[in-house]
Amino acid sequence: MEPILKGRNLVKRYGKVTALDHCDFDLYPGEILAVIGDNGAGKSSLIKAVSGAVIPDEGDVYLEGKKIKFTSPIDARNVGIETVYQTLAMSPALSIADNMFMGRELRKPGWRGTFLRQLDRKMMEEKAREKLTELGLMTIQNINQAVETLSGGQRQGVAVARAAAFGSKVIILDEPTAALGVKESRKVLELIQDVKSRGIPIILISHNMPHVFEVADRIHVHRLGKRLCVIDPKDYTMSDAVAFMTGAKDAPQSGDMAEV
Amino acid sequence: MSDAENFEGAASAAPDQVAQFQTHKKGFVPTLQHWLHVNPALVPLIVLVLSIAIFGLLLGAKFFSPFAMTLILQQVQIVGIVAAAQSLVILTAGIDLSVGAIAVLSSVIMGQFTFRYGIPVEIAVLCGLAFGTAVGAINGWLIAVMKLPPFIVTLGMWQIVLAANFLYSANETIRSQTIEAEAPLLQLLGTTFKVGADADGRGGATFTFGVIAMVLIFAFLAYALRQTAWGRHIYAVGDDPEAAQLSGVNVRKILISVYAVTGLICGIAGWALIGRIGSVSPTSGQLLNIESITAVVIGGISLFGGRGSIMGPLFGALIVGVFTLGLRLLGADAQWTFLLIGLLIISAVAVDQWIRKVSV
Amino acid sequence: DDHKTTACLITKTDTNPFFVKMKEGAEAKAAELGMELKSFAGKVDGDHETQVAAIETCIADGAKGILLTASDTSSIVSAVTQARDAGLVVIALDTPLEPIDAADATFATDNFLAGELIGQWAAATLGDAAADAKIAMLDLAVSQPSVGVLRDQGFLQGFGIDLGDPNKWGDETDPRIVGNDVTQGNEEGGRKAMENLLAKEPMINVVYTINEPAAAGAYEALRSIGREKDVLIVSVDGGCPGVENVADGVIGATSQQYPLLMASKGIEAIAAWANDGAKPEVTPGKNFFDTGVALVTDKAVDGVDSISVEDGRNLCWG
Amino acid sequence: MEPILKGRNLVKRYGKVTALDHCDFDLYPGEILAVIGDNGAGKSSLIKAVSGAVIPDEGDVYLEGKKIKFTSPIDARNVGIETVYQTLAMSPALSIADNMFMGRELRKPGWRGTFLRQLDRKMMEEKAREKLTELGLMTIQNINQAVETLSGGQRQGVAVARAAAFGSKVIILDEPTAALGVKESRKVLELIQDVKSRGIPIILISHNMPHVFEVADRIHVHRLGKRLCVIDPKDYTMSDAVAFMTGAKDAPQSGDMAEV
Amino acid sequence: MSDAENFEGAASAAPDQVAQFQTHKKGFVPTLQHWLHVNPALVPLIVLVLSIAIFGLLLGAKFFSPFAMTLILQQVQIVGIVAAAQSLVILTAGIDLSVGAIAVLSSVIMGQFTFRYGIPVEIAVLCGLAFGTAVGAINGWLIAVMKLPPFIVTLGMWQIVLAANFLYSANETIRSQTIEAEAPLLQLLGTTFKVGADADGRGGATFTFGVIAMVLIFAFLAYALRQTAWGRHIYAVGDDPEAAQLSGVNVRKILISVYAVTGLICGIAGWALIGRIGSVSPTSGQLLNIESITAVVIGGISLFGGRGSIMGPLFGALIVGVFTLGLRLLGADAQWTFLLIGLLIISAVAVDQWIRKVSV
């Protein structure tokens, strides 16, 4: 089977630090791929490289088998790849609704939209509220509240809701539950399952092993800027996974690696 | 810890109820503060109304007349128009020091194209506006694509455009009478109409097309900033350009368009300048950059970008206009007026800050 | 007191001692005649809009007349016309408007003549050496305001140099001119401009300066390289520090003008207009009232009228 | 026993939002107190109010029984209360060593320190490296690296190391392991135990129930801006805790509340 | 998932080894880039050296002489001293528009206290310096305690101080000759000494105490910024004031002290100004704010604060000085020089940006 998103030989250097060191990467259609690894292993750098947020120094990215060059995250979004970055990428002074629809605002129907390019604020607010309610995030009191007035977890919820609402080909989540409470985390996991059931593949970066083992179809273990191995959560235990990613145990031979 | 695996399940029975805190009432002042916090453009408006009231009390009919009131409008029209443009730039966390130079060279181009080369005046005006837009776009390109700091790009551009202005115009003024006779369109924005003047056309409220242009530009930008995607993106870019980029805003396009629109508005300001002073004068507008930035900041737009309402700078410009005229009518001499305007600038912003602060 | 006649004084700036004295002269005269004076000024030289706003303010204020030193002599005309239409008398001081009759009257120094006098004096002082003089021209500003152009061109005319276009400086081709540089009319600018031209040509021996502060700055530059004794500096203004500098040999000669006179004459004219609608006269043979200019030097030369430093001191301002 | 740090009736409002709603709070000597609650419940606001980062609108804070008014975090630090804020509070452009010693730089011994006020950079770098090594964070390659070049987890590690190194009376950690990997999280938990064994009490905010139940002596359950109850982890299960904090179950009566 | 409880234990066997990536060599240019990235102050230094070299080639001995080289130093000394002060402020993400006005009024105070009131000149100089410090401290107080934006505070202060300057001095100049005779201390920083001049004292390298003061101020600030806690705190405040506050920096104290030191240095600049122009003239120094900011930005200090090295602005000021003199010597007239300096400003920063960028 052809991976929907593929990276080959990706290299990204920051000064003397090599964040990605000839790294490969595969995401297959319809799957949930977890990416795990130590802090600083290069996970965020990897997903930035495949989502247009940074341009890799070397190596190629393929979407559905075709080589692509994303020069900005907008390119990736335009082909349906939606990312929640670890830093969340929100405009603090703008409202939740503004942030959710940033870059793909809805315009009023008719001449006011076409000629005056007027936004349909009501519609956007309604939809935003709907998405947040789905995630159980309506402890947020006002959809027009500035994002900077939200708690850390509330912010993360908004970012995840945005990605889920708009991703049509791939959804990438970089530690989406890091700041979330138990209840909110559950909602996100449910959402991930839900997105998968719509046939959209997901990349999930997480340090939470129980969550990873609960939802992942395959686990990409990242170590020292490279893909160390890919394992099937049904074949290995959490202890194994932790041992691989921390270097406590040697990685399984590629013959044993998880195949789709 | 036997429930380790499924303890999270316990959350599923949780109520989905929205948190409800009791709202607290604390009387008039906090309510006002909160209300102003939500509508920050009202702060300069209140300062404006208060200062008109105070000068009106001190000076009586001399100040509080339709004539004097509309005079202030006329006196601030150029700064006001430029401040509208400057606001856009400052909302993106930029700054434009070249606004005055662009306005002046645009007006010189309108004049010289008409008189030196005999180009039809309509086209000359368009050339002037196009020139302003082009210089603005170059600023934007240097800032967005070359990633140079706005302060330095527009500082350089200021000097370049100003020197070009003197070189090109040879510092020649085109006289009002000549323009009036041969190319009245150049003075269009100076056209006045009076309301309530006496039989000789004296006194009464006097408006000019330039004043109306200023108001229209503000209204237009207010609409664009609130009601279009372009406007929301301007705020996003000013707020956090990296986040904006990651969340799908074409930051380059926004920046280039903002500086280009700024250049265009400066071109219009140049045109209005001809209307206001009658002639085409290459030495005008030297202080427009500082004056427009002052209006913007008194109007409550943050120099760090992303925050503030476009109507603020209009009130900001008017506040300065009211103080200048009021103080002069009170008989303060020029240096005292400068000194007091300096104090005004600081105190206007201090009042603003006071109103915004506390846990509102 | 609301019944006092109000007069306005609008100067280019009020940071230049010349205008400060003008204002003092006007104030003194207004006090003497029981009038009220309001003074206005641009923030920088060339600040035209502030002057327009000032005229409007004077109209709103119900003033009887305006004394004006215009920053932009032709652009200001429409504002002046507006004021005259509103029944004010407008008198140009120091700087004639364009056209000159746009104002009701003009009390001014002949700036071209002021330049010409120091040019003639410099040429005569050098004698034969004038033929291969090396001249530095320290002008006012890149925008080439008219006072600066008139003095510069007057100086060159007096020195015997072909002017090219008499409406701008810098287009002359005479090799004796080492270069033009701008000073903003202050000491700092004078020093820097002098240094720049000295780096270009260390043997400069004649320095024209737009005004006395610029001359003082140029002198400092020369002094720092030990050439202050062999260079002739000429200037315009005749302020008291400038005259002292002539006495000390810092400046060879300066053309003195009389701002106090301009101002007091102007106030008198407004008073007359307010009383009986009379308009002021002009100097016979000229289209303005010439308040006069005199060359101040202790090294008088033949063929150029001058007054002594002592006389200059008695007439000086600021 | 007298609480070492005590809050009574604390109220903090942000515009219309009441983040703390007459909230009480007690930390006893030598204990590890976990604070748990939904996103937006007001946990961060609470610890900000007791560490001088915000000034509460109402209510009092007591340190060792004496009423205190912190007007800035510096006041709290001066009495030995060290806090890792959720936002980390680092200067991105400055080095790791600079950040660790911010506000309590070491000066060179002798006249160079006393008169020239010269910093002892070498000493600071050495100590910083030591602390990070203790936390297993020496995947960081260079102690003079700017903090902005660190991965999210590395940054969090630096912040925790700083607090642990300097806290002498109370250490407050607001979600210290949120961005940390498995290995790094373990190190932080070990560190918490270690700090406790030095007799210093700790406040730990966390959404990670296994971690909370592993280390906490008492658990303060925060809900809707108030302390809902305090439970002893030995008397209740994680499910109970989650149920209390999310409102799925009613809180135990105060009679049952955990006592020291 | 039976290992749910203790899966984390698996990490304990992990090696504590530090990650080792292979270092990559890519030849000279990247190495240079990397090196410059680590030492950003070198970028303006290189631009400076290059521009000296280019003008030297074009102009030969006229430019490339001890005389011309030290002349540039003298010409930039005032801007240089003020730029040092401005750098401090900009490092805290502030800006000081009042620097020039403070410098001038300080110099006027030194002069007038000596001559108008007959105060001993030493004390008059101290009063001038104290005045500068006090105005700076007020700026700092308004910014740090009242939380007003630096741009607006110093814009207001600029107007206030400048107007006060004209009102107080009555625009009276104190002549160089008078000062030389009666209070030579005022001209102290103008004292020159020559190295390698000819018998008549012409040509050769000419230094002034003012130039030396400038260099010492830079050296002192470089030390303070790198080697003292105060300096590190300045960077922290500029970087993220909230984070600095939370991590134990007394942000108020730092801001007030920075603006006060800035005021003090401006006072010194005022003193140096007397040395340079010989006289005390209230109209000097009007462009010092723009000129100093230009030097700072060309010198590579970010206007957003927290980043950059203090030596950069010294080189920045010198770059502008080199271009100004070089262009004049090449025969560009004043207007063209003005235009070319505009281009220089933009290109110097563009080069800087180019050198810094790419994945260095």
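So that you can tell them apart, the chains are marked A, B, C, D and E in the order they are listed, and the count of residues begins at 1 in each.
To be clear about the criterion, a contact is a pair of C-beta atoms (placed from the backbone, for glycine too) under 8 Å apart; a residue touches a chain by one contact, two chains touch by 3 or more.
Please read all numbers here as calculations on a predicted model, not as lab measurements.
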{"item": "Chains contacting each of subunit D and subunit E, listed by label", "value": "A, B"}
{"item": "Between B-C and A-E, the pair with more C-beta contacts", "value": "B-C"}
{"item": "Approximate Å spacing (C-alpha centroids) for the pair subunit B, subunit D", "value": "46"}
{"item": "Centre distance in Å when subunit B and subunit E are each reduced to the mean of their C-alpha atoms", "value": "31"}
{"item": "Subunit C-subunit E separation of Cα centroids, rounded to whole Å", "value": "36"}
{"item": "Cα-centroid distance, subunit C relative to subunit D, in whole angstrom", "value": "72"}
{"item": "Residues of subunit A whose C-beta touches two or more other chains", "value": "14-17, 40, 87, 139, 141, 182-183, 185, 209-210, 242, 246"}
{"item": "For subunit E, residues contacting two or more additional chains", "value": "1, 4-5, 7-8, 11-12, 14, 19, 166, 335, 338"}
{"item": "Multi-chain contact residues (two or more partners), subunit C", "value": "14, 44, 142"}
{"item": "Interchain pairs in contact, sorted by label", "value": "A-B, A-D, A-E, B-C, B-D, B-E, C-E, D-E"}
{"item": "Contacting residues of subunit B [partner subunit E, same complex]", "value": "1, 4-5, 142, 146-149, 151-153, 155-164, 166-167, 290, 293-294, 297-298, 302-303, 335-336, 338-339, 341-346, 349-350, 353, 357"}
{"item": "Parts of subunit B lying in touch with subunit A, wherever the complex brings them together", "value": "5, 7-8, 11-12, 14, 16, 18-19, 223, 227-230, 232-233, 235-236, 239-240, 242-250, 306-307"}
{"item": "Touching residues (chain side subunit D, partner subunit A) in the complex", "value": "14-17, 37-41, 44, 86-87, 139-142, 149-154, 157, 175, 178-185, 207-209, 242, 245-246"}
{"item": "Residues of subunit E touching subunit C in the complex", "value": "62-63, 67-68, 71, 74-75, 78, 166, 170-173, 175-177, 190, 192, 200-203, 206, 208, 273, 276-279, 281-286, 324-325, 328-329, 331, 333-335, 338"}
{"item": "Of subunit B, residues touching subunit D in the complex", "value": "1-4, 6-15, 17, 19-24, 34, 37, 359-360"}
